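These notes open a run of structures that come right after.
In the two complexes below, subunit A is the common chain; its partner is subunit B in one and subunit C in the other.
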Partner chain A sequence: MLSSLLAVSLCLLTSFVRAGSDYHERLLLRPLPQNALLASFNFRSNESSSSFERQNFRYFPRSLGQILQHANTKELHLRFSLGRWDAESWGARPWDGAREGGTGVELWAWVDAESEANAFARWLTLTNALSGLFCASLNFIDSTKTIRPVMTFKPEGNHPNMSSPNLHLLHGTLPHEVVCTENLTPFLKLLPCKGKAGISSLLDGHKLFDASWQTMSIDVRPVCNNDGSDCVIEMEQTVDMVLDLDRSKRPRDNPIPRPLPIEDIECDTSKSYNSQDSCFPLVKTSEPSWSLSEIFGRPIKGACPITGEEGENAETVCLNVPAERNVDIKTNGGYTEVPRGEGLLRCYKLPSRDDFDISLPEQTLPTPLLLPQPPLTAARSINGHGQERGSVQAVITNPSDYPVSLIYLESLPWFMKPYLHTLRASIPGAPASTNPIKETYYRPAVDRHRGTHLELLLEIPAHSSLILTYDFEKAILRYTEYPPDANRGFDVAPAVIRLLPSDGNPNAPPVFLRTTSLLLPLPTPDFSMPYNVIILTSTVMALGFGNIFNLLVRRFVAVDEIEGWQPGGLTGALRTRLDKLKARWFGKGEKDE
Partner chain B sequence: MSLLLRGIVLLVALVTFTSAEHTSNWAVLVSTSRFWFNYRHLANVLSLYRTVKRLGIPDSQIILMLPDDMACNPRNAFPGTVYNNADRALDLYGDNIEVDYRGYEVTVENFIRLLTDRVGEDMPRSKRLLTDDRSNILVYMTGHGGNEFLKFQDAEEISAFDLADAFEQMWEKKRYHEMLFMIDTCQANTMYSKFYSPNILATGSSEMDQSSYSHHADNDVGVAVIDRYTYYNLDFLETQVREPSSKLTMGDLFDSYDEEKIHSHPGVRYDLFNGGESAARSRLVMDFFGNVQNVEVEGGVGNETAWQEELQAIERMINDVRRHNESLAALPEAEPAPAAKAARPSLNREGAARVNADGGWSKQLAGAAALLGCVGVWAAGSWLESSK
Partner chain C sequence: MAIDKQKAILFGAAAAVRLFLFTAFPSLPNLLTGRVEISTPVTSFKRLQEGLFLYTHNVSPYDGGVFHQAPLLLPLFSLLPNPSTYPFATNLLYTIVDLLGASALMQIAETGQSVSSRLFTSPRKDLRWSNIAIGASFLFSPFTIATCIARPTSALANFFVLSSIAKATQGASITSILALAFASYLSFHPILLFPPLLLMLYDAHVTSSKASPNPIGFSLAHVGGLATALGMLLYLSAILTGSWEFLAATYGVRLLLPDLTPNVGLWWYFFTEMFDSFREFFLGVFWLHILSYVGGLTFRLRQQPLFVVTSLLGIFAIFQPYPSIADSSLYLALVPLYRHIFPLMRYSFLASSTLLYASFLGPAFYYLWIYAGSGNANFFYAITLVWSLGLSVVVGDSLYAVLRDEWEVERPEMQGKEVRRI
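After this line comes the complex of A and B, so read on.
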C-alpha cells in the first residue's frame, strides 16, 4: 500500500514539473536503505521556437543553442554517468531510467539532413562542438562508435516532419570516458542561475563525484500543442546521485575513514568474544541523521529569482519521507511547506535570499521505508578464456506478474566480432519450442570502419529470466591502435534495454535500463617488442651484410702466397733476420755433433 | 628645428615601443604522463593553471592538456581534488576548471596540430590556439623525458627537433610575438637546445644527464605531489607576484632559482630573444604569466575618412540583415520549399537490416529440392552417357 502511494507521488512530481512556464527547477530528496540518499535535481527551461530560430535566447543557453542550430540537430540527449544503480537495495530507478546513460558518456540525437552522408557529417560537427563545450572527448565518437538504432529510441519531442526521411537518429557511446569536475563546470554554466542560487548551489564536484552513483543528463526537444502550433524548445537538465551519508558527512580535509574509539561503537554484547577491547558493531536500525549543509557541504543559497513565485513551480525542494519523520528547517527567511502525495512528500518554497537548510535527526521509524520495485533487472558478463574468443551472457529477469516485451540494444566495438549464428535466447522452465526473440535487427562490423549493431525484440513471461548468449571473436589490433594503457582492457558499452508498455500505448513514458559496461581483455603485445625486433634485425643485417661485403670486395689468400710479405713490420723483419742467423749458427753446431 | 627633430625621435621611439608590445596572452599547459604514480605531473600543470588564471589569463586563452584523470581517480582519497602540497591548503581542481584536451587526446600529433593550428574544420574554438603576431605565449611542459625527447603517455615521444620545427612554423605563420618555453622533466635543457626561431625565451629544470626530482610526497594521497623546479617557480610566483600590477622581471624569476634547493641545474636560453639576454631579463613576469590587454589603434588619427566609411559600411550591412530578417518574418508561407525538399526520399538508408531467423520448413524444403535437383542432373547425365 505504502509503496503504491510512493509511486503515485513520484508520478505526480513528474507531472507537475511538466506544467508550462519558462523556467523550473526541482530537487527531490529521498532516503534509501543502507544510509544512502537519492538527490534528484531537475532543471527545465523553455524558449519559444520562433525566438530560438532568431537566436533570441532568454533561458536557453546560447552556447548550446548555436551548436544545435549549426549542426541542424532537432533533438538531443546527452548523458554523463558514473557508478552502478543498486536496484536490489534502492528499488526502481529515478525517472524510470529515462534520464540516465550507460557508464561514461552517451549521446543520441535526431539530425536533420538530406542524405545519410550529410547526416553523419553533421553528427561529427555536433560531437566535436559538444566536446569543446563539455570538456569531454566526445570527438572520439566516430564511425566506429556510431550506430543508427531502429526500435530502441523514440523521439520525446513533437517533430512536425517526423515521418519524413530527413530526420536521422544517431547514437554514440564512450564507455571509457571519465566524468569529473570539468564536465560539471560547463553543465552548471548552462543554467540560468549558474550554481549561484537555487538548488543548483548545492551541486559541488567534490560531493557529486564522491557519490555511489551519479548521472548528469541534458535533453533538448521541441514541444508543441496537439495541433502542432505554439512550439517551444525545451531543455531539461537533470543530475541524479546516490550519496552515502557516512561518506558525505566526513570533512573534506579528512575524508579517510578512521576507526571510531570503542566507547563510541554500539557493540553486540551477545557475542562470546565481546569484551573491553573487542566488539562486533551492531547494525543500526534507526534512520540516520543528516542535513543539507552536512552532506553537500553548504546550504541552499536562497531561491533562484527567475523561478515562479506562486503554486507548484515555486516549490523547488521536495522531501520524500514518511509522515512520522521529524524535519527541521533552518533559515532566517520566509519559506512555505506544502504536503503532497498523501503526506509522503513535503515540498518547500525557498526564501528568496537567505540560506535554507533541511535537517533530519536520528529517528526510529515504526514502518520501514518502502520503495517501488524495479520492473526488470539485467546483468551482463563476458565468459570464456583465452585471447582468441569469448562469449557474452546477459540475464534479464522479469519479476512481475505479467509477461513483458523489451528491446535489447548492443553497440559493440569493431574488434569484438560476434557470431550471429551462435545467438541463443533461452528461458529456463519454458517449453523448448518458444523462441523469445521476436525480431532481430543486425548490422555487422567492418574492421576499423564501424562497429556491430544488434537490436532484439524479446518477450519474457511472468516471473522468469531470459538468458541471452552469443560467442564472439577478438580481433588483433595493429601496433599503433593500442591505447597507452592497453593492458587495462577495452571497455564495451552497456547494453540498453527499453521496456515496452504492456498496453501498447505509444504515449506512455519510456522505461529504460542499462547493464554495466564490460571490460574486454585483448591480446596486448609487449610494447618493447618492436625495439627488440629492430635491434635483432639490425644485428642480423650487419652480420650478413658484413660477410657478403667482405666476400665481394676482398680476395682471400694464404700468407705464403704474398711476395715480400713480412709479418709484424720492422721488428718482424729484424726477427726473421735473427731467426735466419740463429738457424745458420745453431744448425751448423748441430751438424758438428 | 632641433625641438621638432627631438619630437620626431621621441615619436619614433614611442611607436617602436608600442609595436614591441603584445595585445593578448595565451598559455599552453601540458602534462604528458598517464597513470596514478605520475600524480605530481598533473599537479605541476594544474598549479601553473591556477597561477595564470589568478594573474588574469581567462580560461578561453588557456589550453590545458591532462592525459589522465587524477581528481576522480578511484585511487584518490580526496575525490574531485588535486593537491600540490602535503598541507592540502589549496585544491587545484576547484569548482571551475576547463580541461581542453584530456585522456587519449593528449598525443604528440594533437599537440603539434594545436601549436601550428593545422586542425579539422570541426575543431571547436576552445581546443584551438587562436593566437596572432601580437600574442605572448607561455608553453609549459612536464613529464618524463630524456636527452632531446619527452615521452607522451609512455607510448610515444616528441623530440627537440619536432618541437623546434613546430615553433618555427608558428613564427612563420605569425602565431606569436614572444614565447616563454618552460619545461620540467629529466634532462630538460636538451629540449630547447634545438630551437632556432626568434623571440623564444626558454628555461628548463635540469641539464643533460641530470634528473629532475620531486619535491615531497603526501602520505594520504600516497604519491609525490609536486616537482622541485615547479615548486620553486610557484614559490616565486605565489609569494612575489601578488597582483597583476607586479613589475618583477623574468630576470628576477631566473635569479630566484637555487640549485641547492632544486637539486639540479636549471638552464635559461637567451640567445634567440630579440635584444639578447638583457632584453629577455627585463621582460616582466606578467608579460607571460598574466593577461595584459593593450589596445592599439592602427593608423593613428590621420585617416578619419576611411574609418567613417567603414562605420557606414557596417551600418549598411546591419540594415541589410535586419531588412532580410523582416522580410523572412513577413513571409511565413515561404515554408513549402523545405517541404518539397522533405518529400524527396533519401536513398540508400544506412542502418541495421532485419534478420529473419526462420528455421522453418520452407527453407529446408528449398534446400532439399535443390539437392534433389543436383542429384537428378547427375543421374540424367550418367544415364545419357551410358545410353550412347
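After this line comes the complex of A and C, so read on.
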C-alpha cells in the first residue's frame, strides 16, 4: 500500500516536474546550392528559477549553472565559430545571425554587480571558469579584449529590473582562438543525452571541424511570462554547420582529395577544345546524393528518451527540401513523418532505440529550393600596404526596397590605432550632403590597457551600398608581446552589425551579421638581437658621453711639455710599480748583505 | 637700411620657398607628416588633428593612446580652419613660426655673444659669418624646410627655444623666462636649458647695469619666475581639459616611453628589445644620462654660456626619447654662430659625410623594412646609430675646438701646435 502510494506520487511528481522543465531538440537539414548542406542542431533545456536557485539541476547542466551563480551572471551568450558564411550562395544566415559568432570565440554576458570594477572582477571570474569548462583559452579575455557595448546588444531574457544600473554588459572576443574537438566534447557533455542518443549522436569532431562554416553557441537567459511570475532559466545550445558534401563523403582513412578519372567526368561538349584529353567539367545541375551516415559518418542512434512523446516537440529531425525530392528513410524501428511548412519541411519522429538514417538519391529538380535572402550583406578588409599604417574599409549593402538602420560595432586591439577624424561614410549615388552616420559612440584605446570601442548608428537607403573607411596606424610592440609566429600577424575581431527593426515591427527578433576577421601584420624587430642592441646602443652612448666627459675634465698641454712629466696611464703605472719592486728587492738584498 | 633690405629679401625668399612647396605639391605635407624621421608620436601633426577632433567632439583626447601633445595647442589649432579642406592658414602659421625663429637667431648673431661674452673674448673673433648668412643657413637648411612642410609641433617649440636664447642674450629676463616656460611646456626637455640661460641673463644684467646683482637672489627670482610661468600654463591646461590626467599622457609618455614608434633616436629599439623587468632601470639610466650633461657643461664653460646652450641642444637632439630632425635642425642652426672655431675642428669632414650618409640611407632602409619587407629592423636601427654618432662627433668636436680656443687665450703661442689632453 505504502509502496504503491509512493509509486503513484513519484509518477505524479515526475509528470509535474516534466511539465515545468522541458527539453527540446531539433535538427534542421537544408541542402544548399553547390554541394553544400546546412545542418542546424538546436537543444533547449529549461529549469525553473526556483529550482535553479536551490541548485536542483535536472536538464540544465550543473557545471554551467554553478559557474553562472558564482559569477552573478544573469544572461550569457558564448560562441565558437570558424569559417565564412557565403551569403551569395547560401542565402540568409540560420537564426538570422542571432546564434552566430565571430571567428574564434566571442562571449558577452550581463553581470550583476554594484560597480564597474566589481562587474569586471566578476567578468574575469566568469571567463576563467568558462575557460576551464570548455577547454578554450577564454582566460585570455582581459581588459585589452573587453568592451562594454552600448547600442548593439539587447538582453534576450526578461530581467526583473532591466534598467537598473547594476546590470553590466561586457563583451569579449578572441579572434585567434582555433575551435576544435576539445571544445566540442565539453559542449556535448552539457547535453542531457551527452551525444549518445538523439540528434547529438551525429556530432563528431572530424566532420564538424571539416565544415566550410560552423558555429557552436550557448545562450542562457531567464524567461518569464507576462506578469513576471513563473520564471524559467532557459539554456539553448546550437550547432550550425555548412558541410561540403564531397569533402564530407570522403572516408576517414582516405581524406586526400583526388581528381576523378577523366572517364567519370561529364564534359562540356560545347567548348572548342573539348577532346579526349582536355575537358571542361560541366556544372552539375542535379542535386547530389547524400545520406546521414555518409556525411556524418554514422546514423542517428535513436531518439533521446527525454524528448516529448507527442506533438511538435517529438519531431526532432526536419528536412527542408522541395516537395518533389525523393527521400529514403533507412531504419529498423518505427518512425513518423509529418509534413510541415507548406510542403517544404518534412519532420520525423525518431524510433526510440534503433538507428535512423536519411538518404537522398541524386535527382534533377525542376525548381531549386528557394532560399531566404539576407537583408544585408557586409564585407570588411584592410587597405593599404606596408607595416606602418593602413585603412579599414567596410562595404555594407542593403538589397531591399526600404531604407535600413543598423548598428556597426568594432572592437579593435590597442596596437591598431584608428584615426577617427579620417572616418568617412559614403553612399555612392547619394547626394553628398546626407551623412549616413547618425550617432557615434567611441572610446579610444589606451596602450596595453584597453582596446578601441567604436559603435556607429548608420542609415542606408534602399538598394544602396555604404562604404565606411578610416585610417589607422600600426604600433610596434615590445619584444615579449609578440606571439611565437610573429610574422603571421595579429587577428582583429570581426565587426558586429545589428539590423534595427523597422518601425512596423519593434519586437521582431534581432538580426545580426558579422564580417570576417582581419589579419593585421605588424612590424617586427629582429628577435635575435636583444643583447646586441643593448651593447650597441650603450656603446654609442658611451662614446658620446666619454668623449664629452674627457673634454670637460682634462686640460690641455702642449705635446713637448709632456716629456718632463710623469706619464699617466697604464704604462706609467706599470713602470712606477716595476721601479718600486726593483728598489725593494735589490735594496733588500743589499741590506741583508 | 641695407641690412634691413637684405633681411626682407631673405625672409621673402624663405617664405616663398615654403609657400611654393605647400601649394605646388599638395600631397607633400601629408607625405612628410607620415615620415618617422620628422614626426614623432609626441609631435606629429596627424595626431594633433586626431586630438583636435576628439576635443571638439567632447571626448577627452588624453583618455586614449594617440594624442600626447600639450593641451593649450588644442584651442590654438581649433581657431584655424580644417587643414584637409583649407590648408593655407596652417601653412602660413608654420611659415611665420619659421621666420620668427630665424629672426630670433639673427638677433643672437647680432649680439656677437658667440665670439665675445662678458668674461671671454675669442682670439679669432673676427672670423664670423654675417647675420644674413646665419639666418639663411637656418631658413634654407633642408632639415628646417622639411620640418616646416611636415608641420610637427616641435617647430613651435624650436621657435620658443630660439626666442628664449635671443632674449637672454639681450637681458630681457621676463620674456626669456616666459619663452622657456612655453618651450618646456611643449617639449619638456628645454627646461634643462635653464642654468646656462640664467648665466646669460646674469651676464647681460651685469654688462647693462654695471652693477652685479646678488647671484643667489638673482637665481631665486628667476627660478621663481620660471616656476610661476610653468605653473600658470599647467593650471590653465588643467582647467581646459577638466582634470590633471593630461600630465600622464604628455610628460608621462616622454618619461616612460609606452609608444615605441621608430624615430631617429636611440631609445625606441633599445626599449623594444628590452625585457620588461629592466625597463624602469634603463629608463632611469637614460634620463640620468641626459641630466648629467647640464651641470658639467655649465661649470666648465661658465665663460661661454651660449656655447653651453648650443651643446645641450645637440645633446638633446641625440639623446632625447623622441628626437627628430627638427631638433637637429635647431642645433645645426646654432652651430654656424661658431664659425671662428671651425678651423680648430678635427673631424668636420667625417661628421658631415656621416650625417649625409645617414640622411640618405635612413629613409631607404626604413622603406626596406616597413614597405618592401626585404630588410629588417636592424637596417634602420644601424642608420640611427650612425646618425647619432655623426651628431655626437659634431658636438664633441665643437666642444674640443671651443675649449682649445679658450685655452689659447692664456697660451697664445700654442696656436697651430699639437696638444694633448691630460
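By our rule, the second predicted complex is superposed on the first by the 497 of 593 C-alpha atoms of A that agree within 3 Å, B and C clash if a C-alpha of one lies under 4 Å from a C-alpha of the other, contacts with A are read in each partner's own complex, and residues count from 1 in each chain.
Rule of thumb we're sticking to: a contact is a pair of C-beta atoms (placed from the backbone, for glycine too) under 8 Å apart; a residue touches a chain by one contact, two chains touch by 3 or more.
Predicted model only: the values in this text are computed from it and were never measured.
In the superposition on chain A, contact of A:L420 is made with both subunit B and subunit C. Judged by the touch definition given at the top, the superposed model places A:N547 against subunit C, while subunit B stays out of reach. Of the two partner chains, both subunit B and subunit C are touched by A:Y442. When both complexes are overlaid on chain A, the residue A:T576 reaches neither subunit B nor subunit C. In the overlay built on the shared chain, the residue A:N274 is in contact with neither subunit B nor subunit C.
Looking at the shared chain after the overlay, A:Q34 reaches neither subunit B nor subunit C. When the two complexes are overlaid on their common chain A, residue A:S286 makes contact with neither subunit B nor subunit C.
Touch criterion not met for A:S502: it reaches neither subunit B nor subunit C. Shared contact residues of subunit A, touching subunit B in one structure and subunit C in the other: 420, 442-443. Residue ranges of subunit C in contact with subunit A, taken from their complex: 34, 36, 46, 49-50, 52-54, 59, 63-66, 258-262, 266, 268-276, 289, 292-293, 296-297, 300, 311, 315, 318-319, 369-371, 373, 376-378, 381, 385, 388-389, 392, 395-396, 399-400, 403-404, 407, 411, 414, 417-422. Subunit A makes touch with subunit B in their complex at residues 54, 82, 114-116, 124-125, 128-129, 131-133, 135-137, 139-140, 147-148, 150, 161, 164-166, 176-182, 185-186, 204-210, 252-253, 255-256, 420, 437, 439-443, 453-455, 482-485, 527.
Interface of subunit A with subunit C (complex): residues 385-389, 414, 417, 419-421, 442-448, 475-480, 523-526, 529-530, 533-534, 536-537, 540-541, 543-545, 547-552, 554-559, 562, 568. Across the complex, subunit A is touched by residues 34-35, 67, 69, 71-72, 77-81, 88, 91, 93-100, 102-105, 120, 122-127, 153-155, 220, 325, 339, 341-357 of subunit B.
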